[in-house]
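One chain, chain A, appears in both complexes that follow, with chain B as partner in the first and chain C in the second.
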Partner chain A sequence: MEEQETQPQEVKVVPEASMTFSPLDLLFNPRSVAIIGATPRENSVGGVITKNLLTKFKGKVYLVNPKYDEVNGIKYYKSILDVQDNIDLAVIAVPAPAVPKVTEECVKKGVKVVIIISGGFSEVGEEGAKLEEELRRVVQNRIRVLGPNCIGVYNAFNGLDTFFLPEDRMGRPRPGPVALISQSGAVAGAILDWAARRNIGVGLAVNYGNKLDISEAELLEYFARDNRVKVIVMYMEGLKYPGEGKRTLEVMKEVTSVKPIVVYKAGRTKAATGAVKSHTAALAGNYEVYRAMLKQANVIEADNLTDAFDMAKALATQPLPRGGNRVLVLTDSGGMGIQAVDALDMRGLQVPELSESLQEILRKQLPPLAVTRNPIDLTGSATDAMYKFVLDTVLPTSYVDMALIIALMQIPGLSINLGNYIVEARRFGKPIVVVSFGGNEYVAKFESNLEENGIPVYHAPHRAAKALWALYEYAKIKGAAKEW
Partner chain B sequence: MSMNPIIAKALEEGRYKLLEHESFELLRQYNIPVPDFALVQNVDEALKVVKDIGYPVVLKVVSPDIIHKSDVGGVILNINSDDELKNACERIRNNIKEKAPYARISGFLLQRMVPEGLETIIGATKDPIFGHVIAFGLGGVMVEVLQDVSFRIVPITEEDARAMVREIKGGYRLFNGYRNMPVRDEEAVIYIITKFSELLSDNPNIVEADLNPVIVLERGGKGAYAADARFIIGSM
Partner chain C sequence: MEEQETQPQEVKVVPEASMTFSPLDLLFNPRSVAIIGATPRENSVGGVITKNLLTKFKGKVYLVNPKYDEVNGIKYYKSILDVQDNIDLAVIAVPAPAVPKVTEECVKKGVKVVIIISGGFSEVGEEGAKLEEELRRVVQNRIRVLGPNCIGVYNAFNGLDTFFLPEDRMGRPRPGPVALISQSGAVAGAILDWAARRNIGVGLAVNYGNKLDISEAELLEYFARDNRVKVIVMYMEGLKYPGEGKRTLEVMKEVTSVKPIVVYKAGRTKAATGAVKSHTAALAGNYEVYRAMLKQANVIEADNLTDAFDMAKALATQPLPRGGNRVLVLTDSGGMGIQAVDALDMRGLQVPELSESLQEILRKQLPPLAVTRNPIDLTGSATDAMYKFVLDTVLPTSYVDMALIIALMQIPGLSINLGNYIVEARRFGKPIVVVSFGGNEYVAKFESNLEENGIPVYHAPHRAAKALWALYEYAKIKGAAKEW
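Take a look at the complex of A and B:
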């Protein structure tokens, strides 16, 4: 794997007029968007979406709301049918009872895909379910629908952002190689906010709500095609429709042969099954069966959301291990080193003792107290240069396939420059993860320097170990690494 | 694909459970090894067919009215001679008369005894979202106590089946000759799981199935046998 850049190149996915595009392409990369239910009232759902698109979207925006003619010099249309231009995507944020009618208008207008933000359908009981059936009759293969009852799409590359959470409440992540599919809208919003704060590049995110039409399987297929996406993270509660399990499994299996999928499936316990059912109006089903699906589809299962992003960060930035599962552990703290070895061993990764001849070379340059077997413990007298020396000496050899580097920056011998040495070690083409732990600003600077240069940083050895495990698992799936 | 005649016949007769010989017949159609068996009406027929099957045999009552055959004395194991066989027929008739007087007896199933081996269970249920799901575990009480079971969704590949067998915690060690136990024919179980998946794919009417026990013999061509089978069907 040569693609190691954290800032993926701008690949052109924006549709051009002369070509035809699938509805899913238009969902994420429209040239023109109409907001039905647009409003200048900033604290409303329609208002936040209106503001998002007017200020950030790199394309044409048309506002539709019969209550307004013009606000701040921007024209409002009575109906989408009054817009002269072609509309690639319509975003619907009107009260539920009005949704079937405006959707019908979108069909007439020739719109190929709509995002229905509005809630008040099958998630609220019988009346809502009837309304959803009415909407289904309007839709009938004439138009594609994301939602209803969803938060829609976030695309950091083109500024398409239907997340109706104001910017001061939900930070927006930078463009980057991670794509998120979330069954829950609120969870999607919280994840993006969390990712923005940690500078994790989540370039694309989507929530599909009641899934009247567009399913997680189709979204996975789209993300598999989009070159900007290196890894797909999915938050999933349960599938909804009879028989859709097989198709989801098939699609997942195809996608994982192209790029990794990390899934966190919530609603694992009997106690939570009822909650899943009422939350998603889905049949939920036994967690064991979902686990079976994930295993069969070569999906990497996460235990929680931070776990999912820990692994995604590594999968998005690191090459896959080619030889096997042997890890170099390089540390300035014996205690941290032991924790790392425990965590690696529990995940089935090896920390092999280095050969005597290689240790001899290391011993000649390192202080007498340093331990050279692997873990290599440079102790509290470690310096940047010692780390560089060990990395340059051991990482290119065939004794190890990956590196877990622990750098407790509290000791005086280490500086920000250590980060540059670690970044340079990427040239050996082996996965590298770093454990850093602390609270001062110097540590924070060290960490952000690494992350900006494509080295994932973790605040505990077990999290870094799990990230390496995910790389090894995916390498096995891709047939890159040998089974040990 | 048209409905399998065995299943069609049962549904026609209003039965939602296949009779044991029907179950074995269905397994045979998919090359899933079952012990040699024959359906007989009386002692004379039994004495005739046992010459082909060979001792030791098991004798089981066949009745649409009895669910748990052993509970009513409807199963006799390890029959080694013609005298024992005659005796067994008589004993089963008496047991049923006493413990399940309502039950119709449609005959007896004469079945070759499978030698002792590692007992495993291969089961299936039909999930509304995923369709058929296959479960694999060790047989006996352990499967219930330890809940040490692996699941996969039909259709499953040979690789999936291998992963299923290796996933169960105690299983893998027992397969590989724990202490002085023989090494078991893992490939034979993997084969049964994949054929069972095929059987389920072809027959959407099956809503529940158990091959229990599947007896796994020693590695080196001894194979594995579904010694007992149960199929519950639905009219869809």
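Take a look at the complex of A and C:
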């Protein structure tokens, strides 16, 4: 199957006006989009895309559907060939049998890249596979294709949104530094919905479906070049054929020299192999092989979806630790401090005892019950000022490279202002993560204040520890940190 | 240190009126409570307890503080000895040096059990340790004591609440089948606050502080007898001295023959040993020893606090699997199904392929794209009716012992009514857990509808898989399930 491998292609038909844009630039940042299969029927796939683009997309939108002339004052074209303007991107949402024909029209029109949303190709069996071969012949070296059988692209920056789930079913996250590449459309949709509610900024997301042409490797390359992207999260189940691994590996290694990639690989067990095959026609493969490959490519591996975003939040917002793996743990709960030390130690990070002279400085200002050794336990008598004093005293020293701050806001001595002190401590240039746990309104306000100001918050010590681990791992990859 | 071991004691002074109540019954279900150190100052420790009991406790409350005669029409007594009525429970919240004296007065009054909230004993060093010894002499065999240095008892059923964090800082969970025993007061407070927001029913919670008298073992015994408790969650850091382990182990083994215990043991690593000692003066001990001990006592071990409650939610609401470890996975997302299979397989649970005849029945009703093998993937075309059909067809058969249902509510074909079908499937007497992921309003409504009707919901496949694992583990302990 090696010969099926899709190599990066030169596009033959390039309208002069857009000479400077590569096809993948146009996939994410088109100036004009045609929707082939546009419709005013709101709950259909084409209808949701039509509504999304008409209401949110910051560019020109042309609707193509021979069934309509004009609806609500908006013109419908019979064919994309009838549009006078240049079209950077076409979104195709018509029944599968019609896809080769409208794609051919896109080629004629000089469109450089199409998103084929339509399903009904190789994923549905033999007949679909034949149709996909027909489509492949139309496409070959003439136009770039995302899909078929995908939910396409979400771009929070310019409102390009082909995710065909209506807004009341899938929230849209705010623009932000995380980019998502998902092998599963449904998983991508659920992640965006989840990220929207949790105010996680996922600026760009893409699902590539049957991967007729544009592959993970090219998407990774594009995201590596896009400066708005600080970290790339990938959900993958497997590759389509063994040969694909080599190129993906090379690209990953290149990209991780520029920005971090976090991958959650599902289909790890033998038990899941069959399910992977029937889901994305991919080879789940031997997980140990994948693991070794990802490690070699300097990719950071996640154990599940939330784990991936836990790490991505830190990688997108925090500086890398420069000195090493030594963590200041500052807490108002001895119990949570112990849990943090456990989790850090299990991940190979250190919680070094502070020097006697530094502890002496701390003891002079802190109440007698406070523990100054590290973890520093301010106890239930903690106040905002005590946190500030410890951060300002310990974080600039060479004893620690990162900080894990635990603040149980159930303690009446703490106020929302504590968040401002923590945000101010960013000036020391060291990574900071915060653990908060509870459900009252102070907790919620404290957390959102921190996250809006670039400090990631976690609801359990082990999750915060894993985030610091990811920062340290990536620092080692970048040669910024040494091992202690 | 063996000789310090606290053995269950016979209480000497027993007022006739309460002959039938054991001291621990009175600790959780007193008819009358005196607050020694009561105060109208709302933000103090005594003030929060006073307000809690006056507004919520379903029993008589007597306020004791020589500083006051009457505030807002409520009488204050100079001493507990001035109260005419019988007192079942006294809550002591006065400065440490005054504690031995007021405890002595409680003994004279015939009070059977006291909660000593006050700190300033062995946890603060040598002088405090001396005061604790003085207290021990007052107490010895004359009265039962919870504490000192604890936040005491929360009972959602009768409003007994000595957790001295104000309501705006710590939400109170609804009455429910989970009981919590926490070695850390701050962790207990944060857990209740978290459980309140997530609508997890924690009916009873207790923190025992310095453990002068009443120990985990006795609390476990009490919760084993209380029929309102379906599962016991313990947060522990370590035992006070090596000899304590033996008795705790024996009690745990007894209790787990009646109802499940889930333990999260923090202080697992060598790195955390020092922090455990300075936090609760306990011996973190060798974790492998604890692990073996807990396993021998048939305790289910959790890896963190949320993990403990994930399992507790299932253990409190689901029947045990009777046949074995075979799981039906039903999903509308192939990707989430794969993640579930991975997680189940890693936990030693099976996802058996369904018989060809059963699959034939499914295929006749489901759309052609649906995968019927197990995991059953209804795909993005899923409807409520399809879920109902599969559950009603597969769950009663002998092929599966439990169900893990994934419903990504981003899919427009699903409605809130799906939850009702899932709740109805409880009639087959097999454990059911649900995975939901996202953030839109349908998701939230779907989830709360399920949880209110006794079906636990998890935001990730691996969490749901762990919950099923816990049910299967406990079924084996009870001899209800066989291994396959």
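Everything below uses one rule, namely that the second predicted complex is superposed on the first by the 464 of 484 C-alpha atoms of A that agree within 3 Å, B and C clash if a C-alpha of one lies under 4 Å from a C-alpha of the other, contacts with A are read in each partner's own complex, and residues count from 1 in each chain.
Throughout what follows, contacts are C-beta pairs under 8 Å (C-beta built on N, C-alpha and C of every residue); 3 or more make two chains touch, one makes a residue touch a chain.
Since we're looking at a predicted model, the values are computed, not measured.
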Partner chain(s) touched by A:K295 [first = chain B, second = chain C, both, neither]: first
Of chain C and chain B, partner touching more chain A residues: C
Partner chain(s) touched by A:D161 [first = chain B, second = chain C, both, neither]: neither
Which of chain B and chain C A:E132 touches, first, second, both or neither: neither
Contacts of A:A460 with chain B and chain C, given as first, second, both or neither: second
Which superposed partner A:G438 touches (first chain B, second chain C, both, neither): second
Sites on chain C touched by chain A in the complex: 43, 123-124, 165-166, 168-171, 182-187, 189-191, 193-198, 235, 237, 266-272, 274-276, 278-280, 303-306, 332-339, 341-342, 344-346, 350-351, 368-369, 371, 373, 375, 377, 380, 408-412, 437-443, 459-462
Contact set on chain A toward chain B in their complex: 238-246, 249, 283, 285-286, 288-289, 291-293, 295-296
Residues of chain B touching chain A in the complex: 127-131, 133, 149-153, 156, 160, 163
